[in-house]
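In what follows, structures are represented as structure tokens.
Two complexes follow with subunit A in common, the first pairing it with subunit B and the second with subunit C.
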Partner chain A sequence: MSKFEFPPSIGSRPIWGTLEPRTGASHLFIADAHGAEAIIDVATPELMETGHIIFISRGTDYADKLRALAPAQFYEGPSYDASLPRIKRVLSDAKMGLQVYLSGTEGLMGQATNEATSAGVPPAAIQTDHRGSTARRMQCVHCKGFTEDVETDPFVCSHCGLNLFVRDHYSRRLAAYQGVCVDAEDPGNVPAQKGIYE
Partner chain B sequence: MSIQFNNETFRDDYSFHNSEWAIKRFPFPFHEDSYMYSMNAEQHQGGPDGSVYEKRFDVDEHYVSEMQDRAKVLADDPLRCQSLPHMTLAGWDLLELIMVSKSEDYPDLFELHRDGNQWRWVNKPLGIDDPFTFLDDTTLPYGPMEYITRQTQGDFALLDQREENLWMDAGMITTQADWSLDFDIGMNFFEWHAPVPKANEMGIFKRALKYLINIPQGSPGRRLNWTMTVNPLLDTSPENYHKWGIQKTTLTPENIGAKQHLRVELQTFFRLPRSNALAFPIRCYLCSFQDLTTMPKWGRRLHRVIRDLPDELATYKGFIDNRPMMLDYLSKFDDGLPTSPGIFPEPETEPPLKT
Partner chain C sequence: MSAPQKTKSGPAQIDVTVSAVVPVTEFVTRFEFTRRDGTEFPPFSGGAHTVVAMQDGTRTRLNPYSLMSDPADLSTYAISVRREDDGRGGSVFMHSQVKQGDAMTLTNPVNLFSLDLRAKKHIFFAGGIGITPFLAMIGQLELTNGNWELHYASRTPENAAYADVLLAKFPTKVHVYYSSANERIPLADVLDGQPLGTQAYACGPERLIDGVRDTAIGLGWPDSNVHSEEFLAPAAGAPFEVRLCKSDKTITVGEHESLLEALEREGVDAPFLCRGGACGQCETDVVSGAGELIHCDHWLEEEEHASGKKIMPCVSRFVGELLEIDR
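Moving on to the complex of A and B:
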């Protein structure tokens, strides 16, 4: 699967990179869905010797391929939320020299970046690589609820039900883009949905 | 001078009003007949007698009612006031700056008594008389930033300075021009300004940041910014936009003079002594079109500025749909005569409107 070229955007929007093997005492990989491909691209026997892969498959079948890389530890989870206690536990053991590799959707990379930095991992030791879905994790500015995997603009807030338009304004702290009521000035006049990057 | 405080509302029945005194001292933001972004900053070391520039923290006739409105906003949504854990010292710095300034600038309204760290703060308009221990959080009913900004007009952002950047790490934001502290807290200067069109390409933010990070203690700065608000609504937050947005559609040619308000922010910048943070008060002043146009110079100039503003800015400031109606109204106050330079209305020397 080829990488999606994000169009130029505003200054708060994160810019994702490409994973590169680095020297480090140990290596933590967190990926969802097609993010597995980035791990496969970067994996070397040296990295895997001290590698721990946390993979959220989300209906893909990369798990066997990842297992075949023979990481020191492998975990497959059904959702980011389900894997979060494990991610926190692993990061609580993080020592100097840990390298973190995040790949897959923006929602996963944003949230896992926050977990890693709040556990004390320096930002320079965290790499990212966007693969797969371009869906966004959105926060409703009105009710503050998060809606995951938003692919269309506008969309309906999964918490309060307002019709929200998708902004490019992004909060690293929340790992989310901002959603704002689209029909506040003309209730009921909701533009037709289209893909965010259409 | 003693101020007569209005009893008024900024919501529901909108009984907010400006006296003749308040109109005359309104910080009209256009120094010439056109507008484009600029940093336009100057020293904040006083100004003409009676102007909003005269004191470090201007107190006017709206003070008591604005503080009541803020208390309501916070009761509805406590997330409008937040402070990341490392910002408490900056909060104390801000409390000291405001208490010292106000007690010196308005001795008839505010008193600060200090004996070492044992302080007593008297706020007569709000009926507050609190003894507390400076730098001891447990001796105040709120954190220091929240305590003092519940008693001071204007929004307040406290910006931490590190990595050659400024970080929006604390704030009291209840009278904002449609931005969310809860969303933007923790962002750096370029991130929280990211949605502003054009200014980034123009290099405004790079220059502004350079200016701000070099502000030394004792040399505060200031600038004006502006937007438009239908009805004198202080809380034009994104959080409540789904409730207030509809008000923008209630303008008619008959009510526009009373309902359409020019919203001006007096932004000031103070370096704080202990934390080295930057205090960024954003004071909101509202004035209806019908009151503004009582000053012939302002009527002429407002018409020209709004008429010639690029569409992109009118869209960003949220009044592109209402601009034609605004221009119909304002054109009646523009007789084509030249205007004198500067923001002050100069009613004595500016020619009256030709009819």
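Moving on to the complex of A and C:
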């Protein structure tokens, strides 16, 4: 699967990289869905010797391929939220020299970046690699509710039901893009829905 | 005509009285200061330094020293000065000329070596007189019961300034190593296995700083978690001529003088903060130069050094016909 080229945007929009092997005492990989491909691309026997893979399959069948890399630890979680206690525990036990590799959707990488930085990993030391869906994790600026995996613009807030315009303004704290009411001035006058990158 | 200057460059000055001169070891003396106007000193954070102005005959020496007093006590600033007999003379002046009751001038503190307070733990590596900034940092962290440890290398127990005080107060946090007893800081052992979010700080000889940085990076530490401070004394060198295009002057920088000091001697207002090649404040554009720039700073990037377009007048020199700078 080829990588999606995000169009140029404003400064607050995150820029994702490409995973590369680094020297370190241990290696933590957190990925969802097609993010598994980035792990497969970067994996070496040395990394996997002290590697811990936390994988959220989201209906993909990469789990066996990841297991075949023979990491020291492998965990498959049903969702990011279900995997979060494990991610927090791994980070709280971790020592300096831990390398963090995040891959998959923007929502996963953003949220896992927050966990790693609050555990003491500087943001610049966290590697990311976007793979798979370009859907966004959105926060409604009106009700503050999050809507995951938004693919269209505008979309309907899953909490308050407003029609929201998908913006590129991104909050690192919330790991979400901002959704703003699109028909506030003229309720019901909602532009036709299209894909975010169409 | 020189360009009009709104304010004089460099940090604001504080008039002080030397309130105590306390010998600490054979080579190290502590100088304590109180403000002449009787008010409190500006607050500072651990790792900050002040530039001490010394009136040595007609010559004004300006040397940076780390503040080592407790940041919670603003009635006093204290520095500890190691006498460098082969140095440029500032430390020898402090040791031989400065007496209790003398009037001196300090600059407002500037911190280029501050604690990263997001850290889960702080590890300090000190070599010799490099202990001074850590004394203030420890004072600051102790106020909030901070998580820290100190590894301090010294030649002998007699030379280890403040080691006795530190060991008595913090016996479980302070580790001292004497090279006379063939002891070295076991860098790899200390740095390995530290909790995620640890920050390391090194101050002392270049060998110690490089050792800490290289060992940490080799263990997979992010570069941003290793902090260091090394004040460079301006190197001596052959005199050279400098054309100052804004001031419309040509000056000669003496053998034992820095370009910054020569600018100040000529009454040219030049910005500075650290005077040790670290802060970047004095960065100056080179207009032309038939010769070679001798870069000694930690500030400019390698490409900038190679470009020949920038110079840090506090520590760097020039060899050649004539240097022309934008000052």
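The rule is simple: the second predicted complex is superposed on the first by the 197 of 198 C-alpha atoms of A that agree within 3 Å, B and C clash if a C-alpha of one lies under 4 Å from a C-alpha of the other, contacts with A are read in each partner's own complex, and residues count from 1 in each chain.
Following the convention adopted for this analysis, a contact is a pair of C-beta atoms (placed from the backbone, for glycine too) under 8 Å apart; a residue touches a chain by one contact, two chains touch by 3 or more.
What you are looking at is a predicted structure, and each value in this text was computed from that prediction instead of being measured.
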| item | value |
| --- | --- |
| Subunit A as common anchor, with subunit B and subunit C clashing or fitting | fit |
| Partner chain in contact with A:E198 - subunit B first, subunit C second, else both or neither | neither |
| Partner chain(s) touched by A:E5 [first = subunit B, second = subunit C, both, neither] | neither |
| Subunit A-centred angle between subunit C and subunit B, computed on Cα centres after superposition, in steps of 10 ° | 60 |
| Partner chain in contact with A:D61 - subunit B first, subunit C second, else both or neither | neither |
| Partner chain in contact with A:H169 - subunit B first, subunit C second, else both or neither | first |
| Partner chain in contact with A:L91 - subunit B first, subunit C second, else both or neither | second |
| Contact breadth on subunit A, by residue count: subunit C or subunit B | B |
| Subunit B versus subunit C as contact partner of A:D186, first or second or both or neither | first |
| First (subunit B), second (subunit C), both or neither touched by A:K144 | first |
| Smallest separation in angstrom, by C-alpha atoms, between subunit B and subunit C in the superposition | 6 |
| Intersection of subunit A interface sets (partners subunit B, subunit C) | none |
| Footprint of subunit B on subunit A - complex, ascending | 10-13, 139, 141-142, 144, 162, 167-174, 178, 180-181, 184-187 |
| For the subunit A and subunit C complex, residues of the former touching the latter | 22-25, 91-92, 94-99, 119-122, 124-125 |
| Partner subunit A, residues of subunit C touching it in the complex | 118-120, 191-198, 216-222, 224-225 |
| Subunit A partner contacts - residues on subunit B that touch it in the complex | 79, 180, 182-187, 190-195, 200, 238-246, 248-249, 321 |
